[in-house]
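Please find the structures below.
In what follows, subunit A forms one complex with subunit B and a second complex with subunit C.
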Partner chain A sequence: MIDQQALAAALGQLVSLSALKFLLIGTIIGLVFGVIPGLGGTTAIALLTPITFAMEKYDAIILMAGIMASTPTSGAVTAILINTPGTAPNAATCLDGYPMAKQGKAGLAIGASSMASGIGGLLGIAFLIAVIPVTREIVLLFKPPEFFLLAVLGLVSVAVSTQDRLLRGLIVGGFGLLVSFIGYESVTGEVRYDFGIEYLWDGLKLVPAMIGLFAIAEMINLWAKGGSIVEDPSKQRIDFRQVLAGCWAPFKHWGTTLRGSAIGTLIGALPGVGGTVAAFLAYTVAIGVSKDPQSFGKGNIVGVIAPESANNAKEGGSLVPTLAFGIPGSAEMAVFLGVLVLHGLAPGPTIVIEHMDIIWTLILALTVAGALASIITLGSARWLAKLTLIDSRTLVPVVIAFALIGSYSLNNEILDVFVSLGFGILGFVFMRLGFPRLTLPIALVLGQIMETSYLQSLRIGDGTLKIFVTSWPSRILIFCILLSIFLPALKYLYNSLRSCPQQAKG
Partner chain B sequence: MENLFPRRHRASLVLDLLLLAFCVTIIALSAGLDSRAKLFPVLVGWFTVALIVIDIVAQSDTGFGRAVFTFFSGSAEAEDREVEARKEARSIVHAIVWISIFVVAVWLFGFLPVIPVYMFISMRVFGNNSTLRSLITTAVIMLIIWAFFEYALDYTLYRGLVAELIAD
Partner chain C sequence: MRKLLTAAAMPLAIALAYAPAAQAFPDKNIKFLIPYGPGGGFDVTVRKLAPLMENILAAQGKKIQVVPTNMPGGSGRKAASYLAKARPDGHTIMIFNMPGHGLGVITGKKVGYDFEKFTILGRVGHGTYVVVTAKKSGLKSIKDIMALKRPIKVPDQGPGSTARMASLIVWETLGVKAEHIGGYKSSTDYATAVLRGDGDLTLLAAGSAARYNARGDYNIVAHFSPKPRFEGAVNGKMLGHPDLEKVTLDRIVAGPPKMKPEVTKAVSDLLLKAASDKSYIDWAEKTGNPADPLDAAGAKKEIDEGFKFFAKFKDVIARSK
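The block that comes next holds the complex of A and B.
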C-alpha cells in the first residue's frame, strides 16, 4: 500500500524552489563526476557529505539523489567515446559503445545509452516501490553459499561475454582474484602477499586499477596508433538525427531494455554484488538470446542498451537493502548511508516505518534527476561526440592528466598513480595479446565477497562442500555457471552440426 | 619447441609464463599463513595455474591443442593479435615511456607544474600543432583543472616530492 500522506509530503518537498535547485546542482555534479574517469558517484557523495551537514535533511537527500541518478548516465559517455568507463559499471558499455564510436556512430550510441539509462532508472525505481513491502523475504533467500555462487557466476559470465576468449578471460579473472587477496585478511586480520611493502597492507585499490586498465591502457594504444579515436573521420556523423535514432533504439529493442532493467534491479538489490556485475550479466544475457551473437563486441547497439539499462536500474534495486536493512548494496550506497546517519536518519526498519516521506522524497528525486540527466546528456551528445575527432597528441595528455588526478584524489595517495600506470601497461599488454581485461576489475570487486562467503559457507556446512548444492537458488546458480562454461563448446558443436547437412547438400 | 609453439604465439606464451610465476609465488607465500587466511587464495591459485597450463596447451600446434582451443573459444580459428603488436613496437615503447615520464614527473614536481609542460610538449613537439594552439589548449585545460579541483572543491592537488622536501 502506498502511504499517500508521505507521498504528498515528499511531492511538496520536491516542488519547492530550494529542492529543485539542489536537484539540478546534484545532477550536474553527478554528470561531471561521471564523465571524469575514476571519479564517479562514490567520490562525489564522499566529497560533498561534509557540505550537506549545514543543509536541511530533505535538501541533502535531494542533492545526493541527483548525483546518484546522473553519474551512471554520463559515465557511459566516456565509455563510448574513449573506451574509458566513467564509473566501474560502465565498463560493459565499452564493449560495443567504443566500436560504434570508431565506426562514426558515437551519437547513435550516446542516444541509445542515455535513453536506456533513463528507462532503466525509472524501471528500477518502479521495482523499488513495488518490493518495499516484501524486501526482507527476497534478500534473505541469499545466504553465503548463494552469494559465493552468484559471485562465481558474475565472473564466469563476464569471461563468456569476451566470446572466443573464455579461457583467457578466466585466467585474467583468477589473476584478479589473487591480486584482490593482497592486504589484510578480513577474518584473521593477517597481512597477506604484501611483499614487504607497507602500501599493500590495505590491498590494491579498485579505482586506480580501473583507471589504469581502461583509461591509461587505451591512451597508450591511441598514442601508439596515432590519429583520432574515429578510424575514418569522414564517417563520423554527429547530427541530431543520429542521436534521436539512438534514443529510439531502446524502444525498438524493448525486450533487451526490459531484460536489462530486470537484471539490474535484481542484482542491485543483493548487497555487495553491485552494478558492475549487473551490467556484465545483462550484456552476457543479451548475447545469449541474440540471433547474431557474432556482432557483439563489434558495435552492436544492443550491447549498449543492455548494460546501460541494467546499470541505472540497479540504483533503485540497491536502495532496497540500504533503506530496509541498513545493508549497502554498493560502495556508493555505503557512503550514502553515512549521509543518512549524519542527518539523524537510522537506515533499517525504522526509516521504512517512521520516515516514509524521506523514502518518497528520495524516490521522486531519483526519478526526476534520472530523466534530467538523460535530457542533459542527449542535449550535449552532439558536442560530446566531437571528442572522438580530436587528435591523439591532444586528447591523450588531457585524458591522462584527468585520469591520474582522479586516481590520486580518491585517497590522496601518490602511489595510487603508480598503480594506475602499472595496471595501464598490464591492461595494454592484455589487450594486445588477446587477454580480455574486463574480468580483472570484476575479480578485484568480487574477491573479498567470494572469499568471505566461501569461508562462511564452509563454516555453516561443517567444512563440507555439500552446502553449495542444498538450496534451489544454489542449484540454479550452479546450472547457470556450468552452462556458461560449456556455452562456447555447445555453440561450436551446434554450428558444426548445422553446417554438415548444408555441406552434404552442396 | 619451434615446431610445437608457432612463432606468432611466442609473446602470449611469455605472458602465460609470467602469470604462472605470479600464481606460484602466491601459493608459495601462502605456506607461512594461517590456515583460514590461505585456504581460498591457494584454491584460486591452483585453479588459475591449471587454466594457464590449458592455455599453453591450447597454443601448441598439435591436434590436442587445437581441440582444447576449440572447446573454450567455440571457434577453430584464432585471431592473430601479436603480428599487429609487433608492427607498432616502436610507437608502443614510445607511448609507454612518455606516459611513465609524466607519472615520475608528477611524483617529483606535482600535478600543477607538470601537466602544462606535458600537454604543451605532446601537442607542439609530437603532435605538430601550432605554438599558439598548443598554448591556448594547455591554458584552458589548466584553468578547468584548477577551477574544478582547487577552487570549486577546495581540494589541494599533489604538490610533489620536491615541494615537500623544500617545505621540510
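The block that comes next holds the complex of A and C.
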C-alpha cells in the first residue's frame, strides 16, 4: 500500500525552488557525463559526492536522481552519431542507430531514442510503484541458478542479434568470454591468467575495453575512410520535423516500446544483471517478433526504440532490490546508497520502514528528471546531429582525445588507456574482417555473472546439475533460451514452407 | 669546467627538490586511499573522516585537503601494494580491513605486500560478529546448528574476506563442518542469500545485523561479544570458547613502511581527533559500525594480539576455497 503521508512529504520537497534547481543541475550533469564515453552515472555520482556534504539530504538525493535518470538518455546520442555507446547499456542502440545516422537520419534516431527513453523511464517507475508491496518476493525468487540461466539467455540473445553473421558473432562472443575469465575468481579466490601483472587481478575492465572497441575503432575507420560519418551529406536532413517524426515513432511502435520497458524493469529488478543485458534482450525480442527481421542492423528505427525504452525503464526496476533489502540494483545505485550513508541514512530494509519519504523523493525525482532529460536531448538533437557532417580530420582527434581522457579518468589508471588503445586496434580489425563487435562487451559482462553463479549453484546443489531445473523461474528461463535458439530456425522453416506452395503455383 | 659545475650543482638540486619532504607534516594535500570502490562502508567512513581532518588542520592554520581516493582491485590488494611503494611522509595513508588485509601475515601466502611493514596510525572502526539464520530455516540456536547431520552451508564474499576468516575460526572452534559459498558482493548480498535459502547461515557485523533484522526475518543465534546485544544470542564464553570474542572486524588506518616517528605521531593524533569527534562517533553508531577509535600504539597492540590468535587457525584459513 502506498504511504500517502510520505508521498505528500516527497512531493512537497520536490516542488521547492531549491529542489528544482538541483534537479536541473543533476540532469544537465548527467547528460554531459552520459555523452562522454567512459564517464557515466556512476562516475558522476562518485565525483559529486563530496559536494553533497554541505547540502540538505533531500537536495543531495534530488541531484543524484537527476544524474541517474539522464545518463542513459544522452548515452544513446553518441551511440547513434559515432557508433560509440556513451554508457554500457547504450551499446545495443549502436546496432540500428548508427546505420540510421549514416543514412542521414540521425535526427530521426535521436528523436526516437529520447522519446523511447522518456516513456521507458516513466513505465519503469509505474512498474516500481505497482510492485512495491511484493518487492521482497521478486528479489527472493532469483537465486544463483536463475542468474546463471539469465546470463545464458543474454548470451544467446546477443548471438541471435548478430543475424546473418552468427558464426562470427559466436567467435567474438567466445573470445569475450575467455577475456572475462581473466583475474580474480570470486567464489574460489583464485587469480587466473594474470601473468604476474597486478593490473589483471580484476580482469580487463568493461568500460576501457568498450571505449576502444567502439570509439577508437570507429575513429580509426573514419580516418582511413575520410569524409564525414554521413556517407552522402546531401541526404542529411537536419530539421526539427525529422526529430519530431522520431518522437512519434515510439508511439507508432507502441508494442516495441511496451515490451522494451517491461523487459528493462524486470531485468533492472535483478541485482547485478544491469541495463546492458536488458537492452540486448529487448533488441533480440524486437527481432524475434518482427515481420522483417532482416532489416535489423541496417537502420530499423524499432532497433533503437527497443533498447532505449529498456535501459531507461531499468532505473525504476533497479530500485526494487534496493527497496526490498538495500541491495543496489545497479552500479549507480551502489554509489547512491553510499551517499545516503554519508547523510546518516543506513540503506537496508529499514529505509522503507523509517524513511519512505526519501524513497518517494527519489522516485519522483527520477520521473521528472527522466522527462526533463528527454526534452533537453530532443531540443538539442538538431544541433547534435550536425556532428555527423564534421570532417574526419577535425572529428577524429577530438573524439579520440575525449575517449582516452574518459578511459583514464575512470580509475586514474594509465593502463586503462592502453587497454582502450589495444581494443581500438582489435575493434578496427573486427570491422575490416566483418566480425560483429557487440558480442564482445556483452560476453565480458555476462561471463563473470555466468561463472560466479554457476559455481555458486553447484555449491548450493552439492555439485549436481539438477539445481538448474528445480524451480519454475529456472524452467521458464530454459524455455526462453531454447526459444531464442530455435525461433529463428522455426521462422525460417515456416517461411520456406509458406513460400513453397506459392512457388509451386507460380 | 661547465661539466664540472653541472656535476657540482647536481647534489644541491637534488637536495632542493627533496627539501619539502623534510618539512613538518602536512605540507601538501593528504591522499586517503580506499581499497574498494565508491559507496561501500570503507568508502563512506573515509569520506566522513576527511572533512573532519581538514577542519582540525584548518584550526591549526593549515589549509590542507584530505582527498579520499578509491583504488579498488584484487580484494583490496591493489591499493595496499600502492601504499607499500608510496613516500613515507604521511601524505598517503590508507584504510585497511582487518583481519582481511592481514591474510598474508596469517597464512604466509603471497599477497603483493607485507602488512607488518606498514606504519600503523590508528583505528577508526571496530565491530563484532553475529551468526544469523533465516527464521523459516528452523535453526534457532547454535545447538540446532551443531545437531545438523550434514555440513552447514555459509554464503559469504569469498576466501580472504574478513567474514570468511571469522566464519572458518568460529566453525572450526565449535567443531562444525562448514562449506562456504563465496562470490557474493557484499554483506547485504549474502544476508539476502541466507533468506532465500542459498545457505543455512552467515556471519554479519553486529551493527548491520540489527538493521537487516528490522522485519524479524532472521534468528540472531550468537553474538561474539563479552556483552551480547541480542536476546537469546549466546557468546563465546557461554559456548565454552571465550576466545571467540577475539573474532572482530576492525577499520585500521596505516601509512607506508618506514614513516618517521614524528610524522607517525602527527598523523595518528590527527586521525584520533577526527575519529573522536562527536559527529563521527554518533554517525558510526547510527550506521551500525561503532567508531571505538584508538591511537597508533593502541591499534598496533590490538592487531598484534589478533594476529597471534588468527595464527592458530593458519592452516584452516589457508586451505579455504
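We take it that the second predicted complex is superposed on the first by the 500 of 506 C-alpha atoms of A that agree within 3 Å, B and C clash if a C-alpha of one lies under 4 Å from a C-alpha of the other, contacts with A are read in each partner's own complex, and residues count from 1 in each chain.
To be clear about the criterion, a residue touches a chain if its C-beta (ideal position, glycine included) is under 8 Å from a C-beta of that chain, and two chains touch if they have at least 3 such contacts.
Owing to the predicted nature of the structure, the values given are computational and were not obtained by experimental measurement.
Asks: Based on the superposition on subunit A, does the combination of subunit B and subunit C result in a clash or a fit?
Replies: By the criteria stated at the top, subunit C and subunit B fit after superposition, with no clash.
Asks: One more residue to check, A:188. First (subunit B), second (subunit C), both or neither?
Replies: In the superposition, A:188 touches subunit B and subunit C alike.
Asks: Is subunit A touched at more residues by subunit B or by subunit C?
Replies: When the residues of subunit A touched by each partner are counted, B comes out ahead.
Asks: Identify the partner contact of A:455: answer first if only subunit B is touched, second if only subunit C is, both if each is, neither if none is.
Replies: So A:455 meets both subunit B and subunit C here.
Asks: Just to be sure I read the superposition right, which of the two partners does A:473 touch: subunit B = first, subunit C = second, or both, or neither?
Replies: neither
Asks: Per the contact definition in the header, classify A:177: touching subunit B only (first), subunit C only (second), both, or neither.
Replies: First partner only.
Asks: Looking at the overlay, does A:489 come into contact with subunit B only (first), subunit C only (second), both, or neither?
Replies: Touch status of A:489: first partner only.
Asks: Check the residue A:288 against both partner chains and state whether it touches subunit B (first), subunit C (second), both, or neither.
Replies: In the superposed model, A:288 contacts neither subunit B nor subunit C.
Asks: What is the value, to the nearest 10 degrees, of the angle subtended at the Cα centroid of subunit A by the Cα centroids of subunit B and subunit C?
Replies: After superposition on chain A, the angle is 90 degrees.
Asks: A:144 contacts which: subunit B (first), subunit C (second), both, neither?
Replies: second
Asks: Just to confirm the geometry: in the superposition, how small does the C-alpha gap between subunit B and subunit C get, in angstrom?
Replies: Superposed model gives a least subunit B-subunit C C-alpha distance of 7 Å.
Asks: Overlap the subunit B and subunit C contact sets on subunit A and report the shared residues.
Replies: Overlap of subunit B and subunit C footprints on subunit A: residues 187-188, 190, 412, 455.
Asks: Which positions of subunit C touch subunit A when the two form their complex?
Replies: Subunit C reaches subunit A through residues 37-41, 43-44, 47-48, 50-51, 68-75, 77-78, 81, 112, 153, 155, 157-160, 179-183, 185-186, 188-189, 191-192, 195-199, 208, 211-212, 214-215, 217, 283, 286-288, 321.
Asks: If you look only at subunit A, which of its residues touch subunit B in the complex?
Replies: 32, 47, 163-168, 170-171, 174-175, 177-178, 181, 185, 187-188, 190, 192-193, 216, 219-221, 223-226, 391-394, 396-398, 400-402, 404-405, 408-409, 412, 414, 417-418, 420-421, 424-425, 428-430, 432-435, 450-451, 454-455, 487-489, 491-492, 495
Asks: Show me the residue ranges of subunit B that touch subunit A in the complex, using the header's touch definition.
Replies: 11-12, 15-16, 19, 22-23, 26, 29-30, 33-34, 36-41, 44-45, 47-48, 51-52, 54-55, 58, 70-76, 79, 81-82, 84-85, 88, 91-92, 94-96, 98-100, 102-103, 106-107, 111, 115, 118-119, 122-123, 126-129, 137, 141, 145, 148-149, 153, 155, 157-158
Asks: Inside the complex, what are the residues of subunit A that reach subunit C?
Replies: Within the complex, subunit A touches subunit C at residues 42, 45-46, 49-50, 53, 139-140, 143-144, 184, 186-191, 198-199, 201-202, 271-272, 325-328, 334-339, 341-342, 344, 346-350, 353, 411-412, 452-453, 455-456, 459-460.
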